[in-house]
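Okay, structure first, notes after.
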Amino acid sequence: MEPDDILPASVPGAVRAALLAPLVDHHCHGVRRGELTRSQFEMLITEAGTPAPPGTTHFDTPVGTAIRRWCAPVLGLDPHAPPAVYLARRTELGPAEANKRLLRAAGVVAFLVDAGRGGRELLSAAEMGRLGGAAADEIVRLEHVEEEVAQEGLTAVGYIHTLAERLAARASRAVGLKSIVAYRYGLDFDPARPSRGSVIAAAGRRLTEPGERLDDPILLRHLLWTAVDIARDRGLPLQFHTGYGDPGIDLHRSDPALMTGFIRAVRPVGVPVILLHCYPFHRQAAYLAGVFPHVYVDVGLALTYTAAGSATIIGELLELVPFHKLMFSSDCHGVAEMCLLGALYFRRGLTRALAARLQQGEWNASDAARVAHMLGSGNARRVYRL
Amino acid sequence: MEPDDILPASVPGAVRAALLAPLVDHHCHGVRRGELTRSQFEMLITEAGTPAPPGTTHFDTPVGTAIRRWCAPVLGLDPHAPPAVYLARRTELGPAEANKRLLRAAGVVAFLVDAGRGGRELLSAAEMGRLGGAAADEIVRLEHVEEEVAQEGLTAVGYIHTLAERLAARASRAVGLKSIVAYRYGLDFDPARPSRGSVIAAAGRRLTEPGERLDDPILLRHLLWTAVDIARDRGLPLQFHTGYGDPGIDLHRSDPALMTGFIRAVRPVGVPVILLHCYPFHRQAAYLAGVFPHVYVDVGLALTYTAAGSATIIGELLELVPFHKLMFSSDCHGVAEMCLLGALYFRRGLTRALAARLQQGEWNASDAARVAHMLGSGNARRVYRL
Amino acid sequence: MEPDDILPASVPGAVRAALLAPLVDHHCHGVRRGELTRSQFEMLITEAGTPAPPGTTHFDTPVGTAIRRWCAPVLGLDPHAPPAVYLARRTELGPAEANKRLLRAAGVVAFLVDAGRGGRELLSAAEMGRLGGAAADEIVRLEHVEEEVAQEGLTAVGYIHTLAERLAARASRAVGLKSIVAYRYGLDFDPARPSRGSVIAAAGRRLTEPGERLDDPILLRHLLWTAVDIARDRGLPLQFHTGYGDPGIDLHRSDPALMTGFIRAVRPVGVPVILLHCYPFHRQAAYLAGVFPHVYVDVGLALTYTAAGSATIIGELLELVPFHKLMFSSDCHGVAEMCLLGALYFRRGLTRALAARLQQGEWNASDAARVAHMLGSGNARRVYRL
């Protein structure tokens, strides 16, 4: 892809260079290593978790249109290729070649990968790095570790001990931790660290049905505070899924402002809290990043899925966010198209915001270039100590 | 009105034709058949329900300005006519001629009319169709039917039986059902179907004061679930007022995300849930339409009242909504000006969004034309089986 | 500063004149009278209440960039001066001269000043007026008066009596009252006037620890209703902090829609309720102003802090707000830069909104000029009876 396609507005050379510089993708997942049928592919370009209603297709969405527009040329097709043509070409190239082309076209210098409970069908962090020509590090998903520990036939006390040990061990090989408490309970959780007694009682109940996913509010809070302890000891940040996602979330309970009490409680500890996605509560997130010194923000998932409309969201985030508090992520998951689109719309949205500020005489070019570097990679390098 | 006035941006011919094609107005009300004084007219162009404060006028609003701009020429005046001139001309033409001109200028091919408890002063669905040169069908407002049944001196068991029968009878002549539970309780209602015992007890209480409007949460839920049963049997969609409206609503309890539990519960039943208006929670609504296969969305009321600012709202809705999930409605009520403005701003806002996508190279013209047809009429024809 | 710098869009002469006309700043605070170190200055250009994290600066924010862009020329520097240069020049001029230049450049004809518990380091209302070449009046902050009364060793009954007397006395020299219940409890307070018995009991508890700030919900409501009585008697409006602010606020509990019950309860009394700031709930606020005849709105704080992004917020507010319901405020606090930036971005944002409406043929120039006068000063003159 030519830079002139990516950056439509005319901006001065130094700003342009900063906008095209490699990005740190501080939150993504592995992509599928194997071939995908059309129905498999469609399920990976939606948060719905279900096929499109009869007579419709998940390609008839902002992200579906964006794949045809921007990913088709990377695979050697004309822009706006029909879905069937796009998928046939993808199959023809084979998944390894398609993934490689798409990840490299994203222009990412480092992937921070949440492997979740991935499984062998997803590329590992190391493989993502190799294929994408980038460094790669791991983010530990808290609930995944807990669900492992819960199935090991432990006593309640053993569970507490093993959970802390296991998390610490995983954290020793990672650059950050991540919570999906927004899915398992909501961000309106009680911010206080639960008492040991209440944790033992809740663990006792949990261990009688260990196959289940974790949704006990006391154990979720215990998991969070255990993670805070480890993050403090190791100097790691703690990511939170906030805002929209799949239909398992209650959207009105995923507003990051609901976490304000927890954010206040963590502040003396000094652990950075990173709010992921945030849409449609990104203005709330920008406010939190503005008034709490340890809070950071991105709009990862939102840029990919809103595609042609994403510049508005970047614009709204930039209304209030301090320039040292915003980062880039693609939240790429399952298909490498998402990585390319996340990077592309981050650059395009930022270009539009900076070009407007330059054109209106609000900013000068050296500030614009400096800020573009901070948002694209500098802030993530500092916070994750890359 | 000339097409060139309506569609300011230069767009390719096929897209232009799609944008000018007749619309299905899937949610409106009847307009007043008689002459209107200035104070009557002012009360019909606001959601306030009260006269403007002394020294001010409801014409000094976005919608008031839009009436002077866009409706004046349809009545044969210059754009921006002063309110007194506009209303004098309206009186001169007479209500039938004014209504006819305004409804026809909207370019609507079918009206789906919620007659509510209307009364003789409002045009019926059939009259709306005749005057507007369009087809017309009915939407049954649930609470209206319930309030009829509650006044018939029934026992609690008779109430349950008669309510189901009456709703089914009304539904047999309609193309959809509509709930205003947002006004009567809030969208944070308990999503579960209430037990028969609790409904009988609540009905017993209700029938002792049948003149009152329905606000018992158990009976509201019973009404909804009765409607779901009937909608399932007859293949009808179920509309919900969400978001802003008159001062009777608690805005923070009208966020459609609060209905997520109900939406999940209805999903296996397969009844389409249509979120009306949604503003300022239209991004939340678009998310729900994106992840739940049976959820649809519009921003009816919001376009008319935000007028010159409405393109932003369409832009925000289009950020995430699948193209097979968005519809047009005017929520026209009382004066035919609202129908014209709803249609006009839908076309203008969509034009701006599509023109931007074409100009930025994001979409191609054939996709833009196809999507414009889906949003303007195709989706409504499919969902309402017109 | 030259008018051509402030108003970038080409608008007709009458509109231009209206946009440049002096503003009534209906909500501001005093600025610091003394010299400021860099760390002191940085603490006054953020809502964080803490220094920026190590290696970062509060100048790397939208408002910090705006100070360098717009305030530097007023102090005789080039636009975009580095922070150190800017602060050196400020020191060189001395605080009186810097404050005078900045306040006068704002083009304000009257300051309505909430002195809070200010203290001698802040300019008084009269001093703000003299330095800024403007009239000046006072707004009484309710909680400040209560905290004075609570420390006077009164009985519970004496507290009730003295509080009412003291508030009335202060109100007799003021043009409005202001509540910060959003900070002390949240806007989800019980709207009902508390019973005398409950107030006496709560006052009894409060008076045993009078040094504390007021956060008892019963006494907060008593204070509000006492203020409503006085405002009714004296024809004064009642301001509310809503939306974002410093980290002491729970953002999700500062949505003005949460006050709907209180707004309904105050309506028969006729006291104007003025919603300040509102961001990111300004659409909710505009709705409230649209449907309740006694509700008014501004986005004071939000314009200053969002700076180059502020036009979007004005645009969103104008979507629904009646033109007789919106006012200007700077929420200037601590440094006079905030007053200049508030006025500047109000004018620039309004210019962009009006220019778009003119260019799209939505409004005519005489309406645009008339509305600009209403928003900039006319509405405030009417509501505050200036």
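Which chain is which? They are A, B and C, in the order written, and residues in each are numbered from 1.
Going forward, a residue touches a chain if its C-beta (ideal position, glycine included) is under 8 Å from a C-beta of that chain, and two chains touch if they have at least 3 such contacts.
As the structure is a computational prediction, the values presented were derived from the model and not from experiment.
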Same or different residue numbers at the chain B/chain C copy interface, by half rule: different
Cα superposition of chain A on its sequence copy chain C - rotation in ° rounded to nearest 5: 120
Centroid distance [mean C-alpha coordinates] between chain C and chain B, Å: 37
Per-residue overlap in chain A, given as positions that touch at least 2 other chains: none
Chain B-touching residues of chain C, taken from the complex the two chains share: 255, 257-258, 260-261, 264, 283-284, 287-288, 290-294, 315-316, 318-320, 322-324, 356-357, 360-364, 367, 371, 374, 382
Footprint of chain B on chain A - complex, ascending: 5, 8, 46-53, 55-56, 58, 60-62, 65-66, 69, 79-80, 244, 246-247, 250-252, 279-280, 305-310, 312-313
